[in-house]
Each structure stands twice: as structure tokens, then as C-alpha cells.
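Pasting the structures in now, so scroll down.
In the two complexes that follow, subunit A is the common piece, with subunit B as its partner first and subunit C second.
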Partner chain A sequence: MREFINWMADPIRSFPVVCVLFFLMMKYYRIVGTKKFLYLALAFIIPTAIWFGSDPNFFTILILPDNIPIIILLVLVGYLQWFTLYKSAENDKRIEAGLCPIEGLPENREKVWCWPNLVYTELFCIIAATCFLVVWAIIFKAPLEEPANPTWAPNPAKAPWYFLGLQEMLVYFDPWMAGVVLPGVVVVGLIAIPYIDTNPKGNGYFTIMERPLAMWGFLFGWLVLWIYLIIVGTFLRGPNWTFYGPFEYWDYHKVVAEYNVNLSEFLWIKGLNTSMPQNMFLREILGIVVSLGYVFVLPPMMAASKFGKGMIEKIGNMRYYILVMLFLLMMSLPIKMVLRWLFSLKYIVALPELELNL
Partner chain B sequence: MAAKGLADKVRETQVWKSIFRHGPPDNARNRAAVVAGNVFLHLHPIKLKKSGVQLGYTWCMGGLTFFIFLALTVSGVLLMFYYRPTAEYAFNDIIALREHVPLGIMREIHRWGAHAMVITTWLHMFRVFMTGSYKPPREFNWGVGVILLVLTLLLSFTGYLLPWDQLAIWAITVGANMAKATPFLGHGGPGAALAQIGDFVMVSDKNDVRFQLLAGRFVGEPALLRFYILHCVFIPLVVGTLIAVHFWRVRKDGGISAPL
Partner chain C sequence: MSATRKHLNRREFFSYLTVAWVAFGAACAGMASLAFRFSYPNVNFEPEMEFLAGTPDMYEEGVDERYKNGFGVWMVKQEGKLFALSNICTHLGCIPNWLPAELKFKCPCHGSGYYTSGINFEGPAPRPLERYKINLTAEGKIKVDKTKLYRYEKGQWDNPNAFLSV
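Coming up: the complex of A and B.
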């Protein structure tokens, strides 16, 4: 069983599983968003968590003081995600019946005094948060490692946990993409969301039915591409950033053979059975065409489809192209992951002469 | 006449009345006065929609983020009394803090609080998206929030270096090496090789973004000072300013979102 979970946890297998689970959760959110489902899930998750925690190898990673916040985050995200689905399912049922969402009921729209209603709620939250922080601070000492030593690098050298999703992306992309371009796209994309999403519905209440595209897109990025990658980066990556299953001992001598091949090598050596051309642009011509096509030809092609036409009619050309561009850049990560796993593809465009590897 | 309670007596003293200009907040007039007349409470509207005070709707995550920011400011200022940002003293000051300050949990509060603030910021954003609260008229404030999220991560990241232990310098080394790969601006990034006039290299490891970030080519003492200033002065000032904008706009855009 442990062997099986170690085997399953490898991103090659766990990433598709997570994607399928995400799809099922969003598709059947009305079933997931019921109290019965929550209790069933807890009845499964709690024993599983205890069983995971009882393993000495996983336990040593689990209780690293710096990993405690991730566990807190996972518990909160899990519960609040369920809660969102629960609230949305409740509202969507009402909306289907022609009623207003619960937040729009007269008793919830009624104005109340800030004092005492809000002030006391805030006071309660502040006291609870203070207690929580103080207890946390007493139980877990802030860790301190050996003094800084520029001549000896620890293995693995991990970034702070909230950047581990980005560090995990380094497996699939070079630093200029994983560390600079993609995070930049995330920030710009987030800021752009309100200007792209012109759907006036779902403002001020939980709903999935009335804004499916926004919900599916955002939650995929948040849960699968951000939270899941942090979990992988924290718990499943050991020395040399090699994959280790949750029950696996971090053996520093574990060697993983990786033979990753560039697209240009596929084309010239395997495909055409010749040597690589001297000119670097000619050598990478297929990758360059594919990449440029992905960014510049795919969006107009999608625009010509029935779905694209409908979108453009709704939000206009400008918004449509920005949306598609952001979406394609987001999807470049899972696409690259799948290509790596299926074909051991290293770079689509490999121009080390210009430090431009894609 | 029944004997007046001590509380009532205190309320009638000149000192009390000079501080609080209104009576106890048990009627409409005083409830308005207590919020409007207090510099801290006046961030709030005097009355608001009920959904805006329900934990099921707000999760209180924005408020908690602000509270943790304040807690971090206070604990951070206390830590500054003990800490000197030099390669010689930094690590030993942290040791001293741990060994010699009785009942000291300020470093713990600061460290775990920093983690907690990252979490609450994310969850606040998550909630705001789930309730569609970024939609007009709140588009701009969502953008301010995204910038605040980035600054929160930068605050945490710059603070990571200060203990000057192995975790600190190597985590920052991993991060700073990303900056090296910035297109055109980092010497290891795409395009940097093109920025060359004759023999003159425009982007090198002595002037690229990583150099600006670390004040050097590796994580050394100049980087420590730079991160210290960024962490304790520069970013908090920017964050404080943007928080003011964020809160102001929450009020001006019609308060916490609710169905139109």
C-alpha cells in the first residue's frame, strides 16, 4: 500500500489525478457542496492523515516547524473550498427557482450598526488570532540553522514555502520563465481580471452557475497550479530536487536517470536522420514556429470557432485576445509538464547561445 | 435612588469625558458618535449591510491580514532593539535573543505571524474572487489588493535573510538567481547577450538586476543591509500607504460587496 502511494504521488501520476478530481469537484459541486459529503470526506481524510503522519519518514518532514504553516493552509483551503461550493450550491438552487441569493435576502440587506455588530466581530477575531499566534509561538520555537556559510550549500536548497510552486516550475521551465515571466503574468493577469470579466452576475454572492468560466479558470490556477505545486515542492521534493514519495526516506544517493531531448533533436536526428544545422535559428525552426503559432496563430483560430465567436460578441476583441493570451500562458505549464512526461521533451526552443530556452 | 455603579462614576469624571465625547453606545446617536468620533474606528462605516458583518461571507480574512500586519509591526520594532544587520553580529544577536531574553516569544510571533499573513492574504483574495467582489465598481481596489499581495510576499522574502543562517542565505540565493535570469535585465537571461556594443557588455553580473537586489554578485553583507532596510523601512512604508488606499476605496466603492 505504501509502495503504491509512493508510486502514485509522483507528479506524472498525481497531477492527472488531481486534474480529474478538480474536474469532478467542479462538475458535481452540488453533491460535493453538501454537509453529508463533508462528513464523509472527513471520515476518510482524518484516518488517512493520521496514517500518513504515523510514518516516520513523512512525519519528519511534516513537523518541520517551517512546514506547519503549509498544513494550516491546506486545512483552511480544504474547508473554505468546500464552504464555497456549499454556499454556491445553496444559492444556485435558489436562483434556478427564481429566488434571489441568500446574501440578497431582505434580512441580510438590512443595515445594522457598526457598533456593536462589526466592532465585536472584529474584536472576537483579533482575540482568537492573538491566542492562536501566542500558542503557536510557545509550542514551536522559530528555527535557526547553522550560521550562514557561503561555501557550503544545503541540499535541497529550498525557497520559502510560498514560492515552492515557482521553484517546482523550474523542473519544467528555465528560470527566466519560471521565476520571472510566469510570475509576472500571474500578477498582471490577476490585476486584469476585473477588466476582462464583464459578466455582471455573481457580484456580492457565492455562485458557480452564473459565472462558470471565471470560477473554473481561477480555481484551476489556484488549486491545481498553485496549491498542488506547493504541496509537491514541500513534501515530495528532496535532495537535488528529486521526487520522493511521502513514505520514502530521503536518500541522498538516489539517482534518477533522465534523458530529456530537445524538440530540435527530435526533428533533425530522429525525424530526418541528419545532423543538426549550424545556424541556430534554422536548427530550432520547428520549435520557433510552434511557439509563435501557439501565441499568435492559435488565438485567431480559436476566435473563428463557435465558442470564440460567442466570446468576442460578449466581451469584444481586445478583452478576448488578452484573455486567451493569459489563458494560453497559464496552460503552457501543464502542457510542458505533459510533454515532459510523455516524450521526455526538454526544450521546445533551445537557444542556449541566447539563454533563450523554452 | 440606587447607588451609581463605579463605571457610571468613572464616566462622569472630567478625564473620561475629555477622552470620549459621547455617552455609552446604547442608543442610535451614541453608536454613530463612537464610530465617527474615534480615529481608529472611523475606518468603518457607521451602518453597514448585514452580510458585511457575517463571518460566513467575509471570513474576516481582510481584517485579520491587517491585524497581523500590525502585530508584525509591533513585534518587528521590538526585535529591532536587539538586532544589528551585519554579518558579524546578525546571527549572534538572534542567538542572544533566544538565550538571554526571558519569556521571549517575539521572534516566534514575528516568524509565524509572517507565515500567517501570507495565508490570510491568499485566503482574503480567494474569498473576494469567490464572491465576485472584484467586479465594478471595485476593479481598481482589486488591483491595489494584488499589489499588496506581492508586497506581502516581498516583505516575507526580505525578512527571510535577516537571521543570517544557512536557511536564510540559501533561500535568498535561490530567489536571487531567478533575478539573474530576467530577460534583458539579468546577465543570465535571454536577450542580455544582445546588449553588447563592441567589446562593451551592457548587462553583466556587476550591474544587472541581481546586482541591484543584492548589492553584489552573491548574498553577502551588503545584501543583508539592503534587505534589512527594505524589510524594516521601505516596503512597510509602501504597504502602509497602499493599505490606506485600499481601505479608503472599500468605503468609497460602496463598502463590502453585496448583491446589487
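Coming up: the complex of A and C.
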């Protein structure tokens, strides 16, 4: 069983599993979003978590001071996710029956004063958070390491926990893409949401039925592409950033056979059986065409489809193209990951001469 | 009340304004010069950019880590060539480790792997490790100059300054 879990936890297999779980959760959110389901899930999760924690190796990883916030985060994310589904399921049932959502009931629309209702709550939150941090700082000591040395790096060298998703992303991308472009797009995209999304549905109340696209798209990016990657980066990446299953000892000498190949090598050497052309743009022509097609041909093609036409009618051309671009950029991450696993593909376009790799 | 209050005339106003602007400009310039000075520290703990790395007969075939911690350079002897390999990962600039059992350099940050020659073969690193300028001094010592880089993908490894024939 432990072997099996180790084997399954490898991102090659756990990523599809997580995607399927996500799909099931969103599809059957009315079942997931019930109290009964929560209790059943807890009855399953708590013993499993204890069993995982009973492994001495994994336990030492779990209780690293750096990792405890991630555990807290996971519990919170899990609970809030369930809460969202629960509330949405409730509301959607009412909406189907022609009623207004619970948040729209007259007794819930009552207005209160900012002072004292809000300000008091905020004050208590500030005090509670400060207490928490003080206690935290007393209990968990920051590790004292040797003096900084520019010619040596710890192994594994891990980013702060909130960046571990990004670090995991960097395994699949050039630093320019995963370190600058994609995080930039994430930030800009999040800022842009209120301007792109002008649909008043779902404002101030939980619903999935009325906003399927928004909910699916956002939650996929959040749960699968961010939280899941943080979990992998934190608990399952050991020395040399090699993958280690939860029940596996972090052996520094674990060797993983891996040999990554660029798309250009696939084309010229494996496909056409010739040597690589001298000119670098000719060499990468396939990758360049594919990437340009992905960003410039796909959006208009989607716009011409029935779905795209409906979207444009609703939100207008400009918003549609921004939305599609953001979505495509987000999807480039799972696409690249899957390509890496299936074909050991390193870069679609590899122009190291220009420091440009996709 | 109004009798005691003396208004500024136009000329006085401008002279005050001038003084204020000059003072403000001087303060800014002072801050800027401090910031400038700050970027040139008195003591620098960074490794030397140029160093002597012994004599060619000191090295055995393979990777030599003697100058890695002090200077950030692996001295590698391979197929009759001795070269100075940079220890900065070409992916995001971490410091890879030399794994003698697996005969490869492995980066702890995202798992890039390099052969002894510095060629990348696994993980996300987009190009091979860089090599530094290396040559013999008149006394027969090896001199490594880290200010000059030779990059494989630009075909610079064949440059006579990028290796020593031993």
C-alpha cells in the first residue's frame, strides 16, 4: 500500500488524479456540498492523515517550522472550499425553485454601521493575529544556518512556502517564463478580473450554477495549479529537487533517469533524420509556429465557434480577447507539464542564444 | 490684527522660493550621493574574479572541487583538455552540486543536471554551464579569469582561451 501511494504521488500520476477529483467535485458539488459529505470526508481524512504522519520520515518533513503554515493553509483551504460548495449548493437549489439566494433575503440585507460593527471586528482580528504571531515566534525558532556563501547552496534549496508553487512551475519552464511572465500574468489577471467580468450574477452570494465558467476556471487555477503545486513542492520534493513519495526516505543518492529533449531535436533528428540546421530560427521553426498559433490563431478560432460568439456578444471583443489570452496562458502550464511527462519535452522553442525559451 | 501682519512682496516670495528649492535640491543630491556610495562597499566578500589555480599536473582526469568553495569554479580535466567550469546554474543561478557517484552536476533548486563537460541533459536548464577564460602564466601557473565567459551554444568552447591542452 505504501509503495502504491509513493508511486501514485508522483506528479505524473497525481496530477491527472487531482484533475479528475477536481472535475468530480465541481460536477457533483451538490453532493460534496452537504454536511453529511463533510463528516464522511473527515472520518476518512483524519485517520489517513494520522497514518501518513505515523511515518517517521514524513513526520519530520511535516513538522518543519516552514511547513506547518502549509498544513494550516491546507486545512483552511479544504474547509473553505467545502463551505463554498455547501453555500452554492444551497443557493442553487433556491434559485432553481425561483427563490432569491439566501444572502438576498430581507433579513440578510439589513445594513449596519461601519463603526462599531466593522471596526471592532477588525480590531479584534488585529489583536488576535498579533498574539498568534507572538506565540508562533516563541514556539517555532527560525533555523540558524551557516553564514551565507555565494558558492554554495543548500540542498534542496526551497523558496518560502508561498512560492513553492512557483518553484515547482520553474521545473517546467524557462526562468523568464515561470519567474517573470507567468507570475506577472497571474497578478495582472487577478487585478483585471473586475474589469473583465461585468456579469452581476453571483455578486454578494455563492453560486456555481449561474457562473459555471468563472467558478470552474478560477478554482482550477487556484486549487490545481497553485495549491496542488505547493503541496508537491513542499512535501514531495527532496534533495536535488527529485521527487520523493510521502513514505520515501530522502536519500541524497536517489537517481532518476531523465533526459529531456527539445522540440527541435524531435523534429530534425528523430522526425526527419537529418542534422540540426545552422540557423537558429530555422532550427526552431516548428516550435515558433506552434507557439504563435497557440496565441494568435486559437483565440480567433474560438471566437468563431458558437461558444465564442455567445461570449463576445455578452462581454464585447476586447474583454473576450483579454480573457482568452489569460486563460490560454494559464493552460500553458498544465500543457507543458503533461508534454514533459509524456515526451520528456524540454522546450517548445529553445533559443538559448537569445535567452528565450518557451 | 491686520495691521500687525506684514505681507510678503513678490520679490521676497521668490527669494524664499529660491532658497527652498536650493535646499531641497542639495538634500536630494546628498541622499543620492549616499546611495551611490552605499553601492560600493568598503569590504567585498565576493570571490576574486581572477586567481591562480596551481599547475596543470595537479589535476587528475575528472572534476576537481578545490576551487569551488573559494572561487566558484570547477576545474575539469577531460579528454586532454583542462577547463574552468562556472558553478552557476544556467536556469536561475543556483549552485549545483557535483555528484561523483552519478558523474553529473545536479542543481538543488529545480533539478537541472549537467554532464562532466557542463552540457545540460535533464531538468529545465536551457543551456550548458559556462566556461571561464583559462591560460598559463609565464611561470607555468594556471590563471583563471572569471570576467570572460565562453558559452557553448555560441560555439565559444573551441576558443583557445577556453581550455588548456594537457
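Convention: the second predicted complex is superposed on the first by the 323 of 358 C-alpha atoms of A that agree within 3 Å, B and C clash if a C-alpha of one lies under 4 Å from a C-alpha of the other, contacts with A are read in each partner's own complex, and residues count from 1 in each chain.
Criterion: a residue touches a chain if its C-beta (ideal position, glycine included) is under 8 Å from a C-beta of that chain, and two chains touch if they have at least 3 such contacts.
Predicted model, so just to flag it, every value in this text is computed and none were measured.
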Item to complete: Please indicate which partner A:A9 is in contact with in the superposed arrangement: first for subunit B, second for subunit C, both, or neither.
Response: neither
Practice prompt. For A:V232, select first, second, both or neither according to whether it touches subunit B, subunit C, the two together, or no partner.
Written response: neither
Item to complete: Check the contacts made with subunit A and report whether subunit B or subunit C touches more of its residues.
Response: B
Practice prompt. Report for A:P352: first if it touches subunit B alone, second if subunit C alone, otherwise both or neither.
Written response: second
Discussion item. Is A:G202 touching anything from subunit B or subunit C once the two structures are fitted on A? First, second, both or neither.
Written reply: first
Practice prompt. Name the contact category of A:E110: first (subunit B only), second (subunit C only), both, or neither.
Written response: first
Discussion item. Quick check for you: in the superposed arrangement, does A:N240 touch first (subunit B), second (subunit C), both or neither?
Written reply: second
Discussion item. With both complexes overlaid on chain A, does A:L38 touch subunit B (first), subunit C (second), both or neither?
Written reply: neither
Worksheet item: Of the partners subunit B and subunit C, which touch A:V119 in the superposed model: first, second, both, neither?
Response: first
Discussion item. Touch test for A:F173: subunit B only (first), subunit C only (second), both, or neither?
Written reply: second
Response to the item:
subunit B and subunit C footprints on subunit A meet at residues 149-150, 152-154, 157, 167, 174-175, 179, 353, 355
Discussion item. Considering only the defined contacts, which subunit C positions touch subunit A in the complex?
Written reply: 45-47, 68-72, 87, 90-92, 94-97, 99, 101-102, 106-111, 113, 121-124, 126-127, 153-154
Worksheet item: What does subunit B use to touch subunit A in their complex?
Response: 25, 28, 31, 34-35, 41, 44-57, 59-60, 63-64, 67-68, 71, 87, 91, 94-95, 98, 105, 107-113, 115-116, 118-119, 122-123, 126-127, 129-136, 138-139, 142-143, 146-147, 150, 153, 156-157, 160, 163-171, 173-175, 177-183, 186, 188-194, 218-220, 257-260
Discussion item. Quick check: in the complex, which residue numbers of subunit A touch subunit C?
Written reply: 149-157, 167, 170-175, 179, 239-242, 253, 255, 258-260, 346-347, 350, 352-353, 355, 357
Fill in: Residues of subunit A that touch subunit B when the two form their complex
66, 68-69, 72-73, 76-77, 80, 83-84, 87-88, 100-101, 103-104, 107-119, 121-122, 125-126, 129-130, 133-134, 136-138, 140-150, 152-154, 157-163, 166-167, 174-176, 178-181, 187, 190-191, 193-195, 197, 199-207, 211, 214-215, 218, 222, 351, 353-356
